[in-house]
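Structure incoming, see below.
Chain nomenclature is as follows: A, B, C and D, assigned in order of appearance, with residue numbering initiated at 1 for each chain independently.
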Amino acid sequence: MLLQQILNGTVSGAIYALFALGFTLIFGVQKLLNLAHGAIFMAGAFIAYYATAQGLPFWFALLLATIATGAISVVVDFVAFRQLRKSGHAEFAAIVTSIGVDLILMNIAQQVSNTKVLSFPFGTFPVKFFSFWGMRISLLQLTILGLVLVLVLALAYYINRTSFGRQVRAVSSNEHASALLGISAAAVYRQTFFIAGALAGLAGVLIGLSFNSIHFMMGEPFLLQAFVVVVIGGLGSLQGAVVAAILIGIVQSLTIAYLSSELSTAIIFALLFVTLLFFPNGLFGRAGNYAGGSRR
Amino acid sequence: MMSFYYSYQPLIDFFLIAVGLGYSQQLALRAGVFSIATAGFSALGAYATAILVTRYGVPVPAAILVSAVVGMAVSYVLSVPLARLRGAFQAIATLAFVQVVIALLLYFESFTGGAIGISGIPRVMNTGWLLLAVLVTIYVIWSINRTSVGRVFNALRQDDSVAASLGVPIKSYYALAFVLSGLIGAVFGALRSLYVFNIEPVDFGFHAMVASLTVVVLGGRNTLLGPIAGALIMAILPELARPLAENRGILNGVILILVITFLPNGVGDELVYWLRRRLRRAPKTMSKRKEGADVVAAD
Amino acid sequence: MSSLRIEDACKYFGGLKAVDGINMTVPAGRITGLIGPNGAGKSTVVNMISGVYSLTRGEVYLDEQQLTRLHVDEVARCGIARTFQNIRLLPEESVLDNVVIGYFRKQRSGVMSSLMGLPAALAETRRLREQAWELLGRFGIQKYADYEAGSLPYGHQRRVEMARSIAAAPRIVMLDEPVAGMNEVESAEMAEIFEDLARSGMGLLLIEHNVAFVSRLCSQVYVLDSGRMIAEGPPEAVTRDPKVIEAYIGGKADAA
Amino acid sequence: MKLSNLFATCTAMALLPAMAAQSDEYHVVVLQALTGPAAFIGTAVADGMRLAEQQINEQGLLGEGNTLKVTYADDATDRTQTMSLIARYANDPSILGILGPTSGAVAIAGASSGNQYKVPVVTTTNTPEVLDQGPWSFILTQPPEITIPYLVDYAADVKGVKECAVIGIRDIEAYVALQKQFEKLMTDKGVRITTVEQVGGTDSDFSSVATKIATSQQDCVFVSASASQGANIIVQLRQAGLDPATPVFGHNAFASPEFLNRGGAGVEGVTFIADWVPGGYDDFTKAFATEFSETFGHEADNWNAVGYGGMLVMANALKSMPEPTREALRDQLGKTSEVRVAAGQGSYSVDEKRYPHVGMNVLTVQDGAFVQAPR
């Protein structure tokens, strides 16, 4: 059972990673917590569901949902954050405006679905199990692991090996100065939000598919989870988010298996708290989050 | 007038509780502690009072006192790690605190009643007592505003290294702000449990956190009027939006975005600032501080 | 007479030797200058003394008291005040309140009396506001007392910051480029204030790259270049020092 | 709002003016959670009540052209709003009683308000604590101590289970109460509870819990959750390799077409207790099922049936009042006896503790449909 639970945890963790990557990407660029990220994730699942309900093939629905949530995320940035960046009150205000967006998206989803829990029809994805070393893994789980791996590598390449990554770093360290270098901050924000939203939407579809449940509030537990992931991994650190997500998936699985499912939330958040205490920048974060007033 | 009061009494009482919790949230924010722990403090206060009153027959005033002490003690302990963090990290740490509190309330079922919570709490609070509690809170914060503690809090919020350079022991003052926030949060949590008959962990979850934060950000972070204005909006909004039925959530969302975007200091603070400017009859600004001025000069 | 001394002080950032083994004395009742081209490490010295940076090596003393390992607020409570090179006021507070906060070290009323709004605490606030008002007069910015500090022009913001730093009558005050951006007349006003302060027994450290201004006021001048002390002595001697001339001519053109 | 709901409301409203002029108009409020976490119950209950309202007025069930006027209100599953709304409705003398609030803490708070303002409130929930608040509050669904014995008797006596694992949703009190009662009564019967797992109300990933249970020893699993979440848990249990011979039990929330749609072949053989036998089992219940699906475009579920019954119970009390006052309504609600409803075994009565009794059915899933469980 131990191996099986580690496998379960890894698959859950891989999906947390998809969700958290976008969240941490946005934070990395502009130090804002986007609380609407959970709603964007949910929107991905909804769009894919209604697309398949219209008879579109699943792969197409997946693609559509990914692009659409990317676009929604850009709109969210436009509606909730753009104005704040100009006025410079961002840190507090962004939390509130993104809650506002969250409310709006959830409300729309609730009405569209009539508060029902939806799920993809059977056979949307072939149900196949493989057994090895006494473990069971479904074709879907394998696909998710593969897809997450590919996406994370692609994102890492994009951020670290292309000019986009440099622009992101420039804009995040000093928007004003980067403008002098001819980098358009607006374009960087657009791209960041698109990528973040698309990843969240994709995660939403995968979750909706693998756990058989699409619901207007489905984003909330993942959003809370994402806080833990990005802090333990270091806010703004992509590789940290991936490692932390999988770590948390496994810790959670093992807590449920060997202690109690009731304790798993407490343990995860206690872990977050302890991390903040001893590694205020997370396991992979950059320095500079200490309070002033001490010698350093 | 009386019939208006009877029709809207619960609304008024909940408004007063929201104002109290708003001040708890505001105290932390105005001292520059980006805490969203108020929901957690109010959970501790509510449960302490509820358990003492229903299980052990402790008199209500003593139970409230214990809640206050619990709130102060926990917030003090929490302030130590929190002082090492900044901004969004403080927000996330306090969020984690609230989640742990809720998870433990669910887990220690024999003591806390688990998901079902605690019921049969005597309803001893009424508008008068709640109003008194709010007035006392306002007096304390008004005193703070007029004396050195308030000046230090303002300095911490705007630039804590400046405060340190003037000799302010900033960690102690951060802790002070946080302990006051914990005290007020726990007391109003206790009062709330003595009003609503039963409490359960979900009352203090994510939505409670968002609610107190919203009250302060909508109303204002710095002035006495802030939480009052914020709580008033939050109390009236569901009533105004009632005809919209299922679309209320959308309206709430739109209003949050609009207020923050166009009145970034919050409705209450903006009003106070506007009045001050009127009274002083001074021009708004002389000249904008040069953008990037603090970036160019580097040693 | 008390004095601030730093001995063999070093600050390395990784491989970069920002300040490398300097010795310096700031005596009470005098004006001491610290000059050097941009990037010489002047502000690093201020940050080392005031407790923002820990020293890689060396010690800081105020008379016999060791300050080396004290935190920023503890250093300030020993009576060492400073201004910041890039001006750091509390932008949302009024000019007057920015100066009132400067009296923190001298306040007598406690936290409890503040929370309860006791008369003593309120009276103290009134008194401090009056003192701050007078101090603003001394710096010639009384009429801006009610303005939001962030809205003042640059030069006036400097004056507010200086008023704040000397409010609590520190033993030593370090002024980082106090007359940057001021014209001749304004600089002269400031010079007068500085001389008054020194006469009253305060020790002043002026961090400047305006050599002329420093020469006029200071009894002793230290010259820093690339983290090393290249010259020290009375201004007339220092300004003739070939190493100093080379550092300035070879360094930034805007130095003079 | 769905179009069909809108249509139903319009029909109901169109009928009102034709009859209002003649005689008494009884005004009640349906105060349910139409939004927020309990909306999946509240909206379904309100739909059931809408259908009943329409029929009561069409068929003149209140007698002599009396009409029923119903105001529908949403408390958003928010205690503040419930208490405010009840205060307001209590202050409106034309309103005789309130059907709501829906469940949990909101229902208890609503019950307290009802007693404070002396207005009858009939909450949807099954929590006896609502009754403890005073004589003005009622519950519409049977408390666990009445319903769970039907299931426990079946599991222990008919199926002969000896060891049972339990999975429940931790943040919906009604489900927690059912789960506790199940654990208690099973233990009383000598059945060992091997493990109790609690999951969140918005969780969807149960793979770890499922693996834990599927790989341990027990001869029964009890799932205390909503239809969709329960089906999801059971499907994931099966996917984790739960022995197909292990019986899976649930409670009345599973009595919804949702459960079948959601679980498909995965929920075959699941056994549970139900207020409502989907599709109906006699003329009355079949007629309700038909009318409901015609009106709302989908099949009736457990909560639709409960809501429908609730409005009929209210109408019965209104009809029997000697005079149209709140006191009279309260007294009549407390005397409810053998009202024909669609839920349970069809006859709704209230005992001296004001506990409702309407009976329970034990159902099982066979070939993708609900049937009475074989004894």
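For this structure, a couple of remarks:
As a working rule, contacts are C-beta pairs under 8 Å (C-beta built on N, C-alpha and C of every residue); 3 or more make two chains touch, one makes a residue touch a chain.
Chain by chain, the UniProt names read as follows: A, B = Branched-chain amino acid transport system permease protein; C = Branched-chain amino acid transport system ATP-binding protein; D = Branched-chain amino acid transport system substrate-binding protein.
None of these values were measured; they are calculated from a predicted model.
Listed by label, the chains that touch chain A and also chain D are B. With B-C and B-D as the two chain pairs, more C-beta contacts join B-C. With centres taken as mean CA coordinates, the chain nearest to the overall protein centre is B. Farthest from chain C, judged by the mean position of CA atoms in each chain, is D. Chain B and chain C have Cα centroids lying 39 Å from one another.
Centre to centre, using the average C-alpha position, chain A and chain C are separated by 48 Å. Put simply, the C-alpha centre of chain C and that of chain D have 74 angstrom between them. Here the spacing of chain B and chain D, counted between their Cα centres, is 37 Å.
Residue positions 110-111, 220, 260, 262, 265, 292-293 of chain A each touch two or more of the other chains. In chain C, the residues that touch at least two other chains are 51-52, 71-73. Annotation for chain B: residues touching 2 or more other chains are 106, 161, 163-164, 170, 246, 248-249. Residue ranges of chain D in contact with chain A, taken from their complex: 1-2, 35, 37, 39-40, 43, 170, 197-200, 202-209, 211-212, 215, 226, 228-229, 231-232, 235-236, 239-241, 258, 261-262, 264-265. By the touch criterion given at the top, residues 1, 4-5, 8-9, 11-12, 110-111, 114-117, 119, 122, 129, 136, 138, 207, 210-213, 215, 217-218, 220-221, 252-253, 256-257, 260-262, 265 of chain A touch chain D in their complex. Chain D makes touch with chain B in their complex at residues 1, 34-35, 37, 74, 76, 78-81, 83-84, 86-88, 91, 104-105, 108-109, 112-113, 129, 132-133, 170-173, 176-177, 198. Only residues 38-44, 50-52, 71-73, 76-77, 81-82, 84-93, 97, 100-102, 104-105, 107, 109, 111, 113-117, 121-122, 124-125, 146-148, 150-154, 164, 168 of chain C touch chain B when the two sit together in their complex.
For chain B in complex with chain D, the touching residues are 3, 6-11, 14, 106, 114-117, 119-120, 123, 196-203, 238-239, 242, 245-246, 248-249.
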